[in-house]
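We call the chains A, B, C and D, going by the order they appear; numbering starts again at 1 in every chain.
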Amino acid sequence: MSGVFGVYSPSPVEAADLTYLGLYALQHRGQESAGIAVFDGSAVRVHKGPGPVSRVFDEASLKGLPGRVSVGHVRHAERGAPSAADAQPLVGLLRHGQLALAHDGSVVNAGALRRELLEAGVVFQTETSAEVILHLIAAEAGVSLEEAICRAARRLVGSYAIGIVGQGRLIGIRDPLGIRPLAVGRSGDAWFVASESCAFDAAGAELVRDVAPGEMVVIDEEGLRSLRFAEGAREAMCVFEFIYFARPDSVIDGKTVHEVRKEIGRRLARKVAIEADVVIAAPDSASSAALGFAETAGIPFDVGLATNRYVGRTFIQPTPAMRRRGVHIKHNPIVETLRGKRVILVDDSIVRGTTSRRMIRLLKEAGAKEVHMVVASPPFSHPCLYGIDVPSSDQLIAAGRSVNEVCRLIGADSLHYLDFESLYQAVGVDGRRLCAACFGAPYPTPVDGGASQGGDVLAKGRM
Amino acid sequence: MSGVFGVYSPSPVEAADLTYLGLYALQHRGQESAGIAVFDGSAVRVHKGPGPVSRVFDEASLKGLPGRVSVGHVRHAERGAPSAADAQPLVGLLRHGQLALAHDGSVVNAGALRRELLEAGVVFQTETSAEVILHLIAAEAGVSLEEAICRAARRLVGSYAIGIVGQGRLIGIRDPLGIRPLAVGRSGDAWFVASESCAFDAAGAELVRDVAPGEMVVIDEEGLRSLRFAEGAREAMCVFEFIYFARPDSVIDGKTVHEVRKEIGRRLARKVAIEADVVIAAPDSASSAALGFAETAGIPFDVGLATNRYVGRTFIQPTPAMRRRGVHIKHNPIVETLRGKRVILVDDSIVRGTTSRRMIRLLKEAGAKEVHMVVASPPFSHPCLYGIDVPSSDQLIAAGRSVNEVCRLIGADSLHYLDFESLYQAVGVDGRRLCAACFGAPYPTPVDGGASQGGDVLAKGRM
Amino acid sequence: MSGVFGVYSPSPVEAADLTYLGLYALQHRGQESAGIAVFDGSAVRVHKGPGPVSRVFDEASLKGLPGRVSVGHVRHAERGAPSAADAQPLVGLLRHGQLALAHDGSVVNAGALRRELLEAGVVFQTETSAEVILHLIAAEAGVSLEEAICRAARRLVGSYAIGIVGQGRLIGIRDPLGIRPLAVGRSGDAWFVASESCAFDAAGAELVRDVAPGEMVVIDEEGLRSLRFAEGAREAMCVFEFIYFARPDSVIDGKTVHEVRKEIGRRLARKVAIEADVVIAAPDSASSAALGFAETAGIPFDVGLATNRYVGRTFIQPTPAMRRRGVHIKHNPIVETLRGKRVILVDDSIVRGTTSRRMIRLLKEAGAKEVHMVVASPPFSHPCLYGIDVPSSDQLIAAGRSVNEVCRLIGADSLHYLDFESLYQAVGVDGRRLCAACFGAPYPTPVDGGASQGGDVLAKGRM
Amino acid sequence: MSGVFGVYSPSPVEAADLTYLGLYALQHRGQESAGIAVFDGSAVRVHKGPGPVSRVFDEASLKGLPGRVSVGHVRHAERGAPSAADAQPLVGLLRHGQLALAHDGSVVNAGALRRELLEAGVVFQTETSAEVILHLIAAEAGVSLEEAICRAARRLVGSYAIGIVGQGRLIGIRDPLGIRPLAVGRSGDAWFVASESCAFDAAGAELVRDVAPGEMVVIDEEGLRSLRFAEGAREAMCVFEFIYFARPDSVIDGKTVHEVRKEIGRRLARKVAIEADVVIAAPDSASSAALGFAETAGIPFDVGLATNRYVGRTFIQPTPAMRRRGVHIKHNPIVETLRGKRVILVDDSIVRGTTSRRMIRLLKEAGAKEVHMVVASPPFSHPCLYGIDVPSSDQLIAAGRSVNEVCRLIGADSLHYLDFESLYQAVGVDGRRLCAACFGAPYPTPVDGGASQGGDVLAKGRM
């Protein structure tokens, strides 16, 4: 999972500064690396590196990126250990001139395409799908840049929301299934593309519309043009964006994410009848669903777990001996909310189950009489092929286990999942337009992109 | 305002690691500097520096602090610009051996004491009250360390909660008015002192009780001993700890802070009758009061402003030109919660008023029909002399202005403050046991500690 | 100008540690960036970055590079501003597997090759010739790695001494003219390649022999094999290595550099008859020549300028106002050596002339009665096309000026250059085996590699 | 051993920038820490920290130190491990206002004075003698700052060259024996004090004269005033400054250090008759003596060991296994100078003997037929009490051993030390005016300052 943000402004503007703000708003989509590439009128400059935006950029590095057209990226590691060399945007010089490319998503047939390209004499310097895409574009001779990108895109199976700066233009494309989100924004005569609309707010722009599945938008001095490069048999927007990934203040497919989550909570409350004294949210993302649940269930919403927001990447993990002392690092129960109470704990999803088990134990140690777990999604049972970083099936607690078994493993007094029907109604979209493969629905693409990636290992390390 | 944390363990334990966890839990009390001093059986070692705990400490620095007795400090700048040299704990060698001292509070007569000590031949190397206290202790010849500390404390006017490591012991003292909080915790045979009980939770310990106003606790291999070094005419616990400063999961004077704040909200709702559609909390500290208000008023609580929690100290502030673009950096309205709604915005206090004005404008731009501001404290009209970093009177929006004037300045449709009576009832303490001087109640100590500090400027800069 | 160092060891050895030592010994060949790539038995890992070896590597980064086969690089910027992305070794995955490649030299036809490769669909991610070479190798299908490298090399015009790690082997190649040096070393069963023999000494190995012009050496578990991939019409070893670039303790083409320089000094003394009291060397590289001159001239050698060896990359340059105060930063005259004396100042070369002018002024201000400048090379009048970073002709003080004019411009009382004949005799090599193009001899390759590089600009910035 | 540099300028000047240059010139006197304190017209600011000047200062930190009066310090650790808290200048506020104090030397009775001051109620925050001196000054009531400093100085036994900024003045004092050097410089209307005259050259100033033993110079808007605060029975200038410590371009007591060292070499050559082919200098400080020796002995001087000047503080030491490989890190023999030759190796002194042994082995491995060691000082047999960091007696190879024994231990073919008479003649000063205690001459002060420092340990660690 990654975040993409791009700017095109005909009038003078510091595109890098706006991109910096946009990437800050998308920081929740990835903190492994960050980067901004800017076209300064004659060449593309890039600054990127490992870590969150705050660590990669300072005033000097932003000042070193003048220009009115830019694309930025925040990145969650793709499969395998993160490699600093894989930071994006990727910048390459090819027959169409210099391109800077930032990709969110996961190309299922990347391995097969890499093998094919190696046979054709290509040199790979990163392990990213972004580089595969760059080589596919470079291979298209005798056509315009736009056409080369379209042809390259048609070779890809999987998910991709891509921002490209090339030939002085800003280009955005979204895969034919529309798995990963991508939207267009505007402020005066400046155009923007972003993974989520909250990034437009951050940069002082307004959401215009989503980029459609299979659409390419090209922005230059004549404004925005739209091309349809592929017609999907169906759509398959990632439903997990609504459940967990996107920021609550973002608007996707016309819906405010916070409101979708509240509606999920409301629908859960209508189906699940539990006698309880208080509804609390699992930190830090389940507040919206918990508020909706509490409202419909008529049970008070309260804060049950205080969060230490200073505990971040640089926190030194306690030793096992310290852990056994019962240290409460990141979350601390608020005893008065919990003691002697029947507690409903709402969370967005259960992946491995370890966090749920730890939270429930915390709540019980703080005096909760009962803890009933309500989950704002169906059981998470299958790996995601399209960019969400989840463990393999054998580590998914719901894979091959009944609800009762999961309930027992996490130590809850009862466990309640959302059903598909309620999920689709809350999102307000026909289930056939969504990808819910992680919850057991069919994968919307061929699953094997052409076998394993064995041997395709590239150098790891710091650039 | 600062945070203090100390450990004494008769059995082997890495006191520095526990102190690290405790300081993380107290990080909200100051991020200007952090430090830990540990007695290793023969000498005290200290590691300290500017910035939050995460920046000052890494694994190597913690490993360099072996020992079972320690004291740590996080610091908000005292008056004036912060100076790296002023990081605490302050470590000095004096006739009683090596002492490490960490101080939370503000000594009102520090200027007068400094002048007196200078006359006596003292050399000051910092601008801290902590150093004044160290010199007062050093001046006491022919008495035990405990007695020297008691004598020194009796010379101080103002607020102080102090942790000291000396002669292999851990000592905690709290001023006779009990302005700043200090508590004792325990885990097995290890004892702890901390500014707030949430730090005990972080370190796997349990709150035993508050240190009493005018009490000194001395912890050594024989356990905890208590001395009363001063009898106050009254108590004057800082009420602002309950309203804003302390963490919601802390317990002070037997009350959970979250519950006190909820009760403030409930009492406000009983007094303030507003027709409204939704109650929202000002980020990030007014949730408890807003929940209490919503519950009693019977108006739904919701999230109106999303917070970008990645925006921290290293964020590069946008230029004024960027500001004019209407960028939404730290907070972003959730339109669906606000559009066409009559909104009650609950905040803990209004200091300068600039944040309130900005939030209300954000809400209205997002479509709120009305914004009614409800404040969980009386008008903040007077500077704090006891350690809370507030601007001078002329920058306090409520100083010399009527509620209506403030309401107009911040752009609210109505403005409602908490009354003193409700505040005291919510805290559950007789008003005469509290300091509410910042809200216009009398200052509990002589106000002038002996005139200005002119000329007492010490070198600033990095050590 | 860069430095290359490679290790192949059949028995377990930390190749990265040995490469670290080797690169330290080659540090004088480039401080813009440094890097080491190691084959760990299954994949190549690389660590590289801007700055000298001391800044790029620490214990952790070396520990992260296990393996017995490695190649390292220190780099002086090629044409144009340095780009962090251009640090080497360059690691790529191509049809022959993963290659790590480190290049010293300058490929004259790089621009033409880049244009041709772009037409063929290649993506360039750096501006290095190393990447051009990598793409040329990748283009060779159906042949062994060695053969692919040979074919690629035959396409190159210019200078190249290259170390490659691929398919578990260490490969070294040197251009058919042998412009840049490259040698083979050995220690027990481990083999080494290095730009200069001083790097073998640093790593505890011994010089075996130079790699011959047009030779490729391939080192694997069966030892060293040699291939001749090109037969040059002539050789053209860079004579400036002997004059200035190489370390005095290195042995090139069988000659110790220090001894060659002393012999240059001796031959100069035989030709140049100056009445003088003392011979001093320009810091920091002309000592050898000055010693030889003094010995033969029978004039005492002494130290005239003390060097502050702490002034390095991070020194903050004084403002012009400070400069006008006459500050002596890097060099300071030793008055006793100079006052009232007729001084012979020996330097290895005069490029721009600014340093000579400044030194001569320093010496005169310190009381030197006369300053006669003796230069251990012919007039530097032409740019280098083969990797030595010199300014364009219009900044070369000797370009288009008589010796008398140069003498007057630098403020010397007399100026004496080395003649070609003496140079060749001192080096002990037929002038037709040397490249002395910078001194006005013919360039040994076609001069234009295929016109300008316009448009081939790649993104600059930090990776 | 440390370095002191101070500036007083009546006309506007960036004193910090000049001090930065001066400290760079004195960097050889200590790299443990560096600092600059500047009086900005109302207060003293200081910036200091661990490491060399290049690491402690950047443009921002120098910009943060405006003002015309300053004092700076580079520091070699005093006894024991270095502590970052001990960086100087030390800044304190005392009855005489703010003082910044920088000290070179070693106070023999520091322990006794500390105990006395502790009894008087003093708090020590560092382990430096500088702090002892500050407290002694603070104790002097009712007198001027100058008088207080004089009285404090009279209590000190040992060596001290001190720069002080206080009350807008720059003050320099030198101990009555004149053990450590201190000089006065001038440039226009600006005055300077410095440990060595080379620092004046660096800052564009000129040496005026040495500060006399027992003299205090006070510089303010009325220029320089001189006070004699103590009359010594004798002088005892440290002879080791001439032999090793001072920079060759410095002038001390009217003698250029380089010339003194050459004269030592000449006198050695007159006494020592060795048949040899070449004279080489031990890197990096014995060149002057070696040149003088070669000149008088009529044996050619040459370079026998090349130095890798990039190997500095951050170099990662090779493992013992690497060492056994025979790696040549810092020095590498130049074989051509040595092979088959009878070599005279000149060094300034032999302390532990380990370096001599290693160098001699290097030379023999490179083919030297004989290695005769000539030492430009008498046998180093006693520890220094006055600031030079040498090991204890049991680690001094010459302590209790005959010349023959030392010769055998270091593996030389013969070993020749300088005699006292020649030393005094070369320095050009009556031996009774010099301190040569490290060579076995009587210590010029009482040796025991009042017993051990047991218990006086202060906190170590980073400030």
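Definition applied: a contact is a pair of C-beta atoms (placed from the backbone, for glycine too) under 8 Å apart; a residue touches a chain by one contact, two chains touch by 3 or more.
None of the values given here were measured: they were computed from a predicted structure.
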Quick one: which chains contact chain A and chain B both? none
Chain of greatest Cα-centre distance to chain A: D
Please report how many Å separate the Cα centroid of chain B from that of chain D, as a whole number. 48
Between chain C and chain D, the Cα-mean centres are separated in Å by 37
Express in whole angstrom the distance between the two chain centres, defined as the mean CA positions of chain A and chain D. 61
Two or more other chains in contact with one residue: find those residues in chain C. none
Pull out all the chain pairs that touch, please. A-B, A-C, B-D, C-D
Under the definition above, what is the set of chain C residues touching chain A in their complex? 37, 42-49, 61, 64-65, 84-85, 87, 90-95, 97-98, 100, 118-125, 131, 134-135, 138-139, 141, 455-463
Show me the residue ranges of chain B that touch chain A in the complex, using the header's touch definition. 17-18, 20-21, 24-25, 27-28, 52-55, 57-59, 62, 187, 198, 201-204, 247-249, 251, 256, 258-259, 262, 284, 287-288, 291, 295, 300-303, 306, 308-312, 314-316, 318-319, 322, 325-329, 332-337
